[in-house]
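After this come two complexes, each holding subunit A, first together with subunit B and then together with subunit C.
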Partner chain A sequence: MPVRSSANKPAIGPGPIGLGPIPTRKRVTMNDQAIQGRSDDGIVETQAGPRSRADRMLPYVFAGPAFAIYAILVILPLGHTFLLGFYDWSGAGPMTFAGLDNYIKIFTDPITRTAIANNLIWAVLATIVPVSMALLLAVLLATHLPPGVRLFFSTVYYLPAVLALAVSAIIWGWVYNPAWGALNTFLGSIGLSGLEQPWLGDPSIALYSVFLVNSWAYFGFCLIILLAAIQNVDPSLYDAAKLDGANAWTQFWHVTIPGIRNELNFVVLYTAIEAFRVFDLIFIMTGGGPFYQTEVIATAVYREAFIEHEVGYASAIASLMTLIIATLATVALRWRERTAPENQ
Partner chain B sequence: MTKMLNLAVIAAIGAVPAAALAQETTISVWDEFGAEPQRGAMENIVALCEAKIPGLTVDRTTMQMEQMQTILTTAIQSGEGPDVFYSSPGWSTVGPLIRAGAVADLTEAYDTRGWRDRVQPWAVDYVTYNGSAWAVPYEAEIQGIFYHADVLEEHGIDMPETYDDLIAAAEALQDAGYEDPIVTAARPAFVLGWLESSMLGATIPVATLEEIVLNYGSWDNPAYHDAIARIAELYERDLVPSGVLAYSYDDMMAEFYTKSSPMVLTGSWIVANIDGNFPDLEVDYMEIPPVEGVEQRAPKAAGGGFMMSANSDKTEASLQFLDCLATPEAAQIWLAEGLSRAPVEGVDAEAANLSPLNQRVTEVVNQPLSAFNLYGVLPAEVNDATWNGIQAMWAGMMTPEELVAVKQDAWQAAIDAGEVIGQ
Partner chain C sequence: MPATIMSFFKWIVLILFAVFAVGPVLWMFVSAFKTTPEILTTPFHLPSEWRWGNIGRAWGEAGFSRYTMNTVIMTFPAVVIGVALSTLGGYAFARFNFRGGGLAFFLLLYGLTVPFQALMIPLFYNFSRFGLINEYPGLIAALIAVHLPFGIFLMRSFFVNAQAEIADAARIDGCSEYGVFWHAMLPLARPGVLALTTILFTDQWKAFLLPLILIQDDARRPLTLGLLFLRDAQSQQQYELLAAGVIIASVPTILLFLATNRYFQQGLVAGSSK
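Moving on, here comes the complex of A and B:
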């Protein structure tokens, strides 16, 4: 509902592909509503006026309990983990202050460096492969199929996401089994035995073999979100684009993508964060091996903390992981705010 | 301070024989025996101990070994841990807990309650670090090769007596159509530790290993180079699966149980499974046979043992429970019903009506000599570096010489950090 303010006239902006001016909406905040009135014609009007101290404090009162819980369950443990990174500690007994040793070791320890590099590869691939697959399929489903068929296929594609990753890992472990796995058996049966591989045992392909399982299990989640977003794009925009002579690619690039930008941003950001949290698939399928070639940050933290009893060092690595994820989230959110339509 | 207090309590009550407790006491016990046949056997052992020690109630919690290793340290550290827990007593696992003072020193109990007469000496040695005994070992294990005797017999292959015989037997099986005559696995990495320990038992005199492990010697010596070269050779000659780096423990055992591979490198913990689920298989056991000049020894281990938390406030009840476990009566139940061997003297293996395989394994376990089980004696980071190094060597990413250097570097770092036995 458009908001008429005594101070702000409705703003006019250019349309996405020359469709003429589109009225932008002013976001109504809780504070705005606290001083809003309604005119006889039903249009909300804002009133300027002083706010009491109690009014100003009200949001903090509401947010306080949630923040306290968040502080106890998230901020304090994070801070404690960060501090543990400055100590040499096995997880039991006395701690020895180690200064920056653990944090420096992250960049000198070849195994941890491998884990970080693998995680970066994983993150880049994860934000490209499953998201692209999901976007492509979502466009095809949304634009070329009747609703019943669309529902069937979207359900089928989403099914792997319903499975626990541990179950997916076990199933794909069987598929990849070098002796009797379905993949090698299939390749052999069609005369491609030369392509048979120890999929999880060859250091050069093991990471990508696991990543394929991750994509299989994850793209359905992206698909559902992007499909819903595409279906919410105003069909008249496509009609207008066609009248302007836009081909399918132009419609996709100038109508679909801007129309689903928020959802796409969310999917990419969420995927990138998840990529740095990946643990269960790798832990079950390869344990980080062979020779640490599928190790990622989370499995390195586990190995250092619970196998090698280097809890201080593991805490330093975990702090780095938190920093990466927090930075990613901040950058993405800031970027989204800057590029949001109401800020243009 | 707590540890000192507990030691004083143990010393003060050490001479007291098992008797009724002064008051009703419930002790918490964490173990990993949640599956048959060990679950039922342990329940019966607990019932036996509760009957023998009036006033004692045992509150058991079972969990898987890896779960136990993950939460035990945290639980003990927070004071919420059990009074008694079952864990691998290997230095890799409990070394950090012992160094942190979280495990009760049971030396006094061993001396005053007669445990030294009841627990087999090799097993006492296994749970003794830095002059103190830390556990009542309850799972005597051996590692080596389990093989399908009928397959070897069918192809006219005698049981190998030397290392060269073993290689010849493997090649004969290969010629007979067994693509992977010996199967092992690389996941989890410690499976390769069984191969390493067994190979060292067959190729390096125990005196040399003692010099390295107990006197901080160097792994960069000809004997260890030779052992690693032989491990490399197994892969180069295709005597183990070419895809072994992708094999999990379960994959490995599937290959063996289906006879795709006639020989498997593992340990005696598979015996209960074979007896229970594959009684028709004609499986037998052998150590990796030795090279010339090395005495035949199997790497034995106390795969698990009961330990007492240093901050337990139910010391007497816990010690009496441990005392009960270390009786022939309890160990007999453990063998006959749990099909597992506690290294306790006076157990009648014949009365337990064991399978031929179990009898054979029990016989080897009861031999006095033992090779080194590296999981038990080296720090975790040294083993981790070595076993992952074997993976790298088999993958062509590391030479045997580089692997030896990696191990030695990790060993020296552990010595410098004061993390090895004796420090």
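Moving on, here comes the complex of A and C:
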């Protein structure tokens, strides 16, 4: 989870992590300021006197194994992907250096361009829609309701999030089936057979059909976070607003939203990152089709790497995608930090 | 009067979204007990006769016993090791200011944004080179690695909030730093450990893309891949078996969620606000 204050701080030290030489002066501190890396002044040698060598090794012993696995299976492959992006390689045989050719191809290849455009549309919609749904329901659930009823609804809304996206994709593949799916059957039974569609087969609506499933899968998660946040807003703020004659909308806008801004910010960031890397639902429900019209960046990477055997090109697309997400996250975290103190 | 109308709309909205959330799932679950012709001709009717045996048929003839076993073999080590590493790492980053710690933490933070798609190409080719394709240890290690950033952040937030006085008291009592962690701090983080365990269990159970890349052999597919395989390979279109497979694949995580609802929600909330 994004952690306040650490995101854009410079690294404390450039030394090797976990596996490196033992620092000569180890600082063990229980002072929160120092813990959060804000200041070196708050360092307190603990009362027990100088720590033993084994004690000073503790952070390395504890964080070392986790970081080693992370370095081998995330950092190294990520670097490898960036490297491969500059080569022409079919996955076997010789690699030839290709400079920026793969990156240039991204912007000239119409299928990849469609994938990028779809991914951008998707990222915007898949952030706004589930978060808005969750906000509406959280506000409704935070009103006077018996706690049991509230728990019942939040549990029901979270249920889709417990299912694997692979399972959700299969369930909704049935719902959308043109011949016997629940949606067309339902429309037919209420006399709206004119609205029946091949929901996943029509290139102009397939992306939005899958998108609905995405909203279905993610709104419960946003709801639980936002509901808890709304319930933690100081009730006296609402009383004060009411004394000032604020109506429900004004209260929502001037008390609720500022009161939950941290959580709202987190939910938007989380949903946006998830939306950017969408893969499972599209891969299973449409496979990027019909006619590549639902292709997104991740499915394009998969297809280029493992079906077309354009490994270098696929790596370039993946690298670009990683840079976009990291940039977005950095901007969002900076913004979150810069605006945070105003509302404290 | 407007208050009554508002209340009416509130209930309508709440109930409509509840139907939206569980309707499709219930529909598929009920379909699992029908026959294929019933599913195709009377999709909204209850089964003429509840064929409970369909679950057994999916478990046996459609191979879901094997898929389930594979998912279990994949999930349990990934959860146990993942929780242990995240707890230790989260503690180190929460309570100690150590050389390299800042950089390591920064790299882990960005791990939250890394798309799997940016890892899968080198993972696939390097795993092939070392003969790790179709091998669970490789898959499990990769599953653990991509979930470490989340786990470490969650556990760190629990340890940051733990009371320092308790650790100091343990120190004065002569505990080593390891003793402080084990006897004083770890018990305080128990809710965090439980929350992380449920969340990781659900996430690993649901894993799709990493197994898709790293497991090619049908006999070793987990449930998520098995379902997809069954859907695409059906020559005789036995839809009820696919629906029964969906039940088998989703009931464990649904039950776990219902049983641990409180921890689950606490954990998600704690991770978001710290």
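Quick note on the criterion: the second predicted complex is superposed on the first by the 267 of 344 C-alpha atoms of A that agree within 3 Å, B and C clash if a C-alpha of one lies under 4 Å from a C-alpha of the other, contacts with A are read in each partner's own complex, and residues count from 1 in each chain.
Keep this in mind: contacts are C-beta pairs under 8 Å (C-beta built on N, C-alpha and C of every residue); 3 or more make two chains touch, one makes a residue touch a chain.
All figures in this text were calculated on a predicted structure; none of them were measured in a lab.
When both complexes are overlaid on chain A, the residue A:Ile72 reaches subunit C alone and has no touch with subunit B. Annotation for subunit A, partner touching more residues between subunit B and subunit C: C. Once the two complexes are overlaid on the shared chain, A:Thr286 sits against subunit B while remaining clear of subunit C. In the superposed model, A:Ala179 lies in contact with both subunit B and subunit C.
When the two structures are aligned on the shared chain, A:Ile106 is found in touch with neither subunit B nor subunit C.
Contacts of A:Gly91 after superposition on the shared chain: both subunit B and subunit C are touched.
Look at A:Ala142: by the touch rule set out above, it reaches neither subunit B nor subunit C. Of the two partner chains, subunit C is the only one touched by A:Ala63; subunit B is not. Of the two partner chains, subunit B and subunit C are each touched by A:Phe306. When the two complexes are superposed on chain A, the residues of subunit A that touch both subunit B and subunit C are 91, 173, 179, 306.
For subunit A in complex with subunit B, the touching residues are 90-94, 173, 176-179, 198-203, 206, 286-287, 289-292, 303, 306-310. Listing the residues of subunit B that touch subunit A in their complex gives 69-70, 73-74, 76-77, 95-97, 99-102, 180, 186-189, 241-248, 251, 255, 260, 380-381, 384, 388-389, 391-392, 394-395, 397-398. On subunit A, the positions that touch subunit C within their shared complex are 1-4, 6-7, 9-18, 20, 23, 26-32, 34-37, 40, 43, 46-48, 51-52, 54-55, 58-63, 65-67, 69-70, 72-78, 80-81, 84, 91, 133, 136-137, 140-141, 143, 151, 153-160, 162-167, 170-175, 179-182, 185-186, 189, 216, 220-221, 224-225, 228-229, 262-263, 266-267, 270, 273, 276-277, 279-280, 284, 297-298, 301-302, 305-306, 311, 314-315, 318-319, 321-322, 325-326, 328-329. By the touch criterion stated above, subunit C contacts subunit A in their complex at residues 10, 13-14, 17-18, 20-25, 27-28, 31, 39-41, 43-44, 85-86, 88-89, 91-126, 141-142, 144-146, 148-150, 152-154, 156-157, 160, 164, 167-168, 171-172, 174, 176-178, 181, 202, 205-209, 213, 223-225, 227-228, 231, 242-243, 246, 249-250, 253-254, 257-258, 261, 265, 268-269, 271-274.
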